[in-house]
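Same chain, two partners: subunit A is paired with subunit B first, then with subunit C.
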Partner chain A sequence: MTAYLRPATLAEAVAARAAHPDWMVLAGGTDLMVNANHRPEPPGIVDLWGCADLRGIVRSPDTLRIAAGTPWLEIIRHPDVNKHLPILVAAAREIGAMQIQARGTIGGNIVTSSPVGDSLPVLLALDASLDLASPRGRRIVPYHEFCTGYRTTRLAVDELIAAVIIPLPDAATHLSWRKVGTRAAQSISKVMAAAAIHVEDGRIVWARFGLGAVAARPIRAVAAEHAAARRAPDAATARAVGDALAGEITPISDIRSAADYRLEVAQNLLMRFVLNAGRA
Partner chain B sequence: MITIGVNGEVRTVEVSAWKRLLDVLREDLRLTGTKEGCGEGECGACTVLLDGVPVNSCLVAAGQCDGRAVTTVEGLARRGIDGSTVLHAVQRELVVRGGAQCGICTPGIAVCAAHLCDSDALAGPGDARAKVRELLAGNICRCTGYQLIVDAVIAAASPASNQEGGS
Partner chain C sequence: MQTQSGGPVGQSVPRVDGVAKVTGTARYLDDLDLPGAQHGVTVRSTIAHGTFDGLDRDPAFDWTGITVVTADQLGWGKGLAAGGFGENYIAMLDTDQPALLPMGGCIKHVDEPLALVAAPTRARALAARAALTPRQTAKPPVLTVDDALAADIKLYKDDNVFKSFLIRKGHVDDDEFEIAMAGAATVIEGTYETGAQEQMYIETQAMAAWPDAGGLRIAGSMQCPYYVHKAMKVLLGCGPDEVAVAQTVTGGGFGGKEEYPSMLAAHCAMLASAVGGPVKMVYDRDEDIAATTKRHPSRVRHRLGLRSDGSICAIDVDVIMDGGAYLTLSPVVLSRGVLHAAGPYRCDVTRVRGRAVATNHPPHGAFRGFGAPQTTFAYERQIDKAASHHGVAPWEFRDRHALRAGDTTATGQLLEASVGTDDIIRAIRDVAGAAPARDGINRHGAPVKRGRGFAFYFHGAGFTGSGEQRLAGRATVRATADGRFEVLASSTDMGQGAITIFTQIAAGALGVAPELVRVPDPATDEVPDSGPTVASRTCMVVGGLVERAARTLRLRIEAWADTAGVKGDLGALAAAMFGRKAELDPQHGGIAETVQYEPPPGIHWDDATYTGQAYPCYGWAGCLVDVEVDLDTREVALLRCVHAVDVGKAINPVIVKGQIEGGTVQALGWAVLENIVYKDGRVANANMTNCIVPTFADIPELETVIVECPYPFGPSGAKGVGEIPMDGPAAAVANALGDALGVAFDRIPVMPEDIARALRRGDA
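Let's look at the complex of A and B:
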């Protein structure tokens, strides 16, 4: 019989995690419960689903703080997220379908850290940070430093993600998101791309490109970002961005797509994002 | 010991916290209306309402249901004053309009669609058919296609349909 704890507060959750490092930390279960009958039964479960400290969205003047256990449906329906972070809403609406969005949480997507995690390129483009909690205290880690490899992260064994902190983009920052797959709902992506492109006086000042399903982990396309900076958002810049991307990613071929297709689609998406930033 | 409110009745089961809600419903409570399709959260056949929200019961651990309320397809219909069974408007429209064929996906679709009709999910501006298609995208049917299913949900969601149901 699997033991079970339902901590009521973040402090209780951190204590439970520290006391039972071999137990499963479970929230909505949309990853961890897949094929549950064919997985080894965990010795215990620390259930974060009902933990009030891990749920909700708070706006400050410069950021939105989304508690890690907040499910996608709540994020999709939140007025501040719709107003300030429309690409997060767009990405969330393509995560599974309503039943998955009702249970899947932003923190779960981050901890599972799949290279095809639907929200992760968006969090990279938005330059999100994570608020991590452990018995040793709190620390803030930029999300782009968090994923270290295929489904590996900097989360310590006694740590939980308390919240995702997302800086609010200003009006000069153009946000784009696109998921390419066989079907909008329920399908795992072939390529995902998100962009935040800051344009002033007809020139790109900086760009952040987040990509999914093209590497072992969600990645920032740093060379492509450099190729976009300090240039006009025009066709020549778009080509330079596409060329730079080809030099920095080596997607794989698998059951869902082919390497050359993935590269070409990723290039096309970033090029389109650059051109759209010029038209806006 | 896990206590769950199932279709308005308090039920207690002695199961592992890891057991899937789907298996608790089918094996321990013998509520076999809820079907297993994929066991991966892809198909929606096992959809039930957990505290009023549609979820895939194959992805919910029994421990997470302690003290919660679950509605299955068996709980959608109600008893009329003469003791007869009064189907939910969505069930009635699925029958009348032929929105079912082999039946494996139907309980999940009925539960999800009942939630759409009974909540504000379809309210507000925008094309109702497009909303039904997006919100039912987690319920996969391999027989009929979705035309007649969407027809049934739209019909059930209209105010006239609900009056007809006598509620």
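Let's look at the complex of A and C:
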């Protein structure tokens, strides 16, 4: 029989996690339930759903701090997220259907760290950081350093994500996001791209591109970002971005899509984001 | 033939099963309380071709309470009465498919049943299955129709051909045919391919069996109780009264529960016999997708010979279907495919060839449309190319050349009545409106191309040729002691509304309120054999039997009442009649009328030459689809779909609309979303995450036009509606994509990946 603990606070959860490093951590359960038929039963479960301090969204002057156990529906409905981070709302709306959005959490999406996790390219483009908690204390890790490989992360066996900290973009930063899935709703991604493009005086000062489903983990397209920087958001820049991207990603063919398609569409999306930033 | 006006026929009366289903009180097989029932699971092959050498048990596993059944322990040939079984094959059309593969036998597909396990809980049964490992020796498999036809590896007879057809019209041999084709000013040639498709019924395959009164009782999710009954008689080696088969509330079929339930029933019977008590088997979704039947993949070569005025002088079609590892229903699917392959167009010289071949894929089988969607896709792509070649608008071209009353089909069938062509053409024209603007920008800022496509098609209602006559289906309507009425037929309601329309038809003919009529769930020991619930025949054929039985019963009751001097409504008269025991029909314990199918006069069909009246009548349909392609992502958005369908008479317009919308959505999904991926003979995307079917977000604005060109021999003029909506929309989508992008899409599903490649190649 599977053992079960339901801590009421983050501190209790951290203690439970440290005491049972081989147990499964249950947040919203949307990954756990999918795997229930295919994986051996875990020896125990630490259920975070009861931790009140793992839920909620707090705005400070420069950031939004989203507690890791906050479900997507709460994020979708939060006025500050809608105002400042519309691409996070757009990505969240693509996660399963409303029932899944009501249970699935931002922290769960990050820890599962699937290459097709819907919110992850957005967190990369927004330059999010993670507040991690363990019995050893707290540490802040930039999200773009967090994913190490296919479903692997820097999260230690005794660690939990306490919160996601997202800097608030200013008005000169154009945010874009698009998911290409296997159908219009409730689908797994074939390609996802998110962008934050900072434009001043008709020139791109910097750009951050987050991509999903084109590598073993969600990635930043750094070469494409460099190709965009210090140039006008025009067709020539868009082409340079597309070309740079071709040099830095090698998507695979799998059950859902094909390598050539993934590369072409990823290029098209980033090129479109650049052009749209110029048009805005 | 008309029922009285003001009756329930033609009214959208609420579904009689609606409240139970919506409130969750309907009891599907897995909801049934079967005390002491054990759970059965199946051990399956993991190779596409080879031999089954044995079954290893993990000695470390606790086998207490576990029953394992292999084919070798079942006492074949002894028969049920002697505690054994009959013959080890699934009796349908051939004897080639074992119910359970014997050791040493030839494995012909991945997920072929090799052994069965029963345990008191499902978890224990699954654990036991994991502790069983079949020993298999792999051989090279046949995974393409070309390899099948090369016949280097023989899977079925010497040529791997399950069935072939050749239909000639207006010529006697190939030389004469080629002379006619040579007379064409233009020949449009194309090769068209369609993919496998999963039915994806909501309720997975589910069945139970238990020993009952010295025999065996089977209950489960199915379309055709008498198909299962026939298979069980052979498998068990017993008489018709020793096994009974009952349908439980069925959550969708679409053909997927036409032949496969016999396999599941066989397995339940084997396990129930081994454990001596009830056993139920409910497939999980992944197993259902991987192991059960799908729509036949097809390849159709089509040549269309056109005169300079655009009229058709010769049609040549060659149809190949991948039947999978066993014959199952492939000959019948192919038959319907070839009979529709020349399309509803005027042509005096046609040649249609067809072959269904054996491969090492899991058997393909029945699916809504039953072969016709495959050949319809080919001819409606061809007609579009012909229209384009002649510079004639696509719908106008169809109007000019479509069959009308007085014309003959490819089998030489003279179309007399109930030809909906003109009404369909007009209906689509009336609502079409302007085509969408070719170029645009979507909400993502991406450029888009838009286009419009059409398709026109027909679908034979009921069984092919003399099938209905051979089958001689029967239905009963009876009065009960409380002054109510029951319809007894083996047609099942799988969600399509059969029992509601039977209620309406019977109530209309009896002249009573629908609330007084009940349609019990069919069981073979309670209802006559009305034939299977397939082929768009339930309303037209069995509904016709119900109407006639009800009318006969009404006349008998009224005649008795006249003689007896009793007055009142029919229910009261029936109740009064019940009081006089002498009037009761001993066979049905009441007052009952059973009628048998009688063919309309003048039907002629020649099975040897495949000529004559292929179907009693046809449904006719037209479809318009507007599409938009995102040039950044190559994704297809279906903007609009208009579907006009001639159903003869809509007994229940809401149900008819539901049938049309549901079939349309399945067809649209088949066109652009549903992609069964076979890898080494295995379904590689056997889960709902990756085996994609449309959601509501994928469905365009659907406009349904019901056209009624009555069929004189159907109930109130009704003919079939179940399948025809599946036939044409895929071609309309491909035609619309061609219109939008200037690229020919001759293979479905058309995935964004295909569009990307076509545009990169510069096919435009």
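The definition used in the following text is that the second predicted complex is superposed on the first by the 277 of 280 C-alpha atoms of A that agree within 3 Å, B and C clash if a C-alpha of one lies under 4 Å from a C-alpha of the other, contacts with A are read in each partner's own complex, and residues count from 1 in each chain.
The criterion applied here is as follows: contacts are C-beta pairs under 8 Å (C-beta built on N, C-alpha and C of every residue); 3 or more make two chains touch, one makes a residue touch a chain.
Fair warning: this is a prediction, and the values are worked out from it, not measured in the lab.
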Using the superposition on chain A described above, determine whether A:T112 touches subunit B (first), subunit C (second), both, or neither. neither
Does the superposition put A:T63 against subunit B (first), subunit C (second), both, or neither? neither
Go through the superposed model and pick first if A:A185 touches only subunit B, second if only subunit C, both, or neither. both
For A:S134, decide between first (touching subunit B), second (touching subunit C), both and neither. neither
For A:N37, select first, second, both or neither according to whether it touches subunit B, subunit C, the two together, or no partner. both
With both complexes superposed on chain A, which partner does A:I100 reach: first (subunit B), second (subunit C), both or neither? first
Looking at A:R272 after the superposition, I want to know if it touches subunit B, subunit C, both of them or none. Which is it: first, second, both, neither? second
For A:A258, select first, second, both or neither according to whether it touches subunit B, subunit C, the two together, or no partner. second
Residues of subunit A at both interfaces, subunit B in one complex, subunit C in the other: 34, 37, 184-186
Residues on subunit A engaged by subunit B in the complex (per definition of touch): 1-4, 6, 26, 28-30, 33-37, 41-42, 45, 47, 49, 73, 93, 96-100, 102-103, 184-186
What residues on subunit A touch subunit C, complex-wise? 34, 37, 178, 180, 182-188, 190-191, 255-258, 260-261, 264-265, 268-269, 272, 275-276, 279
Note which residues of subunit C are touching subunit A in the complex, please. 284, 286, 444-446, 631-635, 637, 673, 677, 684-685, 689-690, 692, 694-698, 752-753, 756-757, 760
Partner subunit A, residues of subunit B touching it in the complex: 16-18, 20, 23, 39-42, 44, 47, 53-56, 58-61, 63-64, 66, 112, 134-140
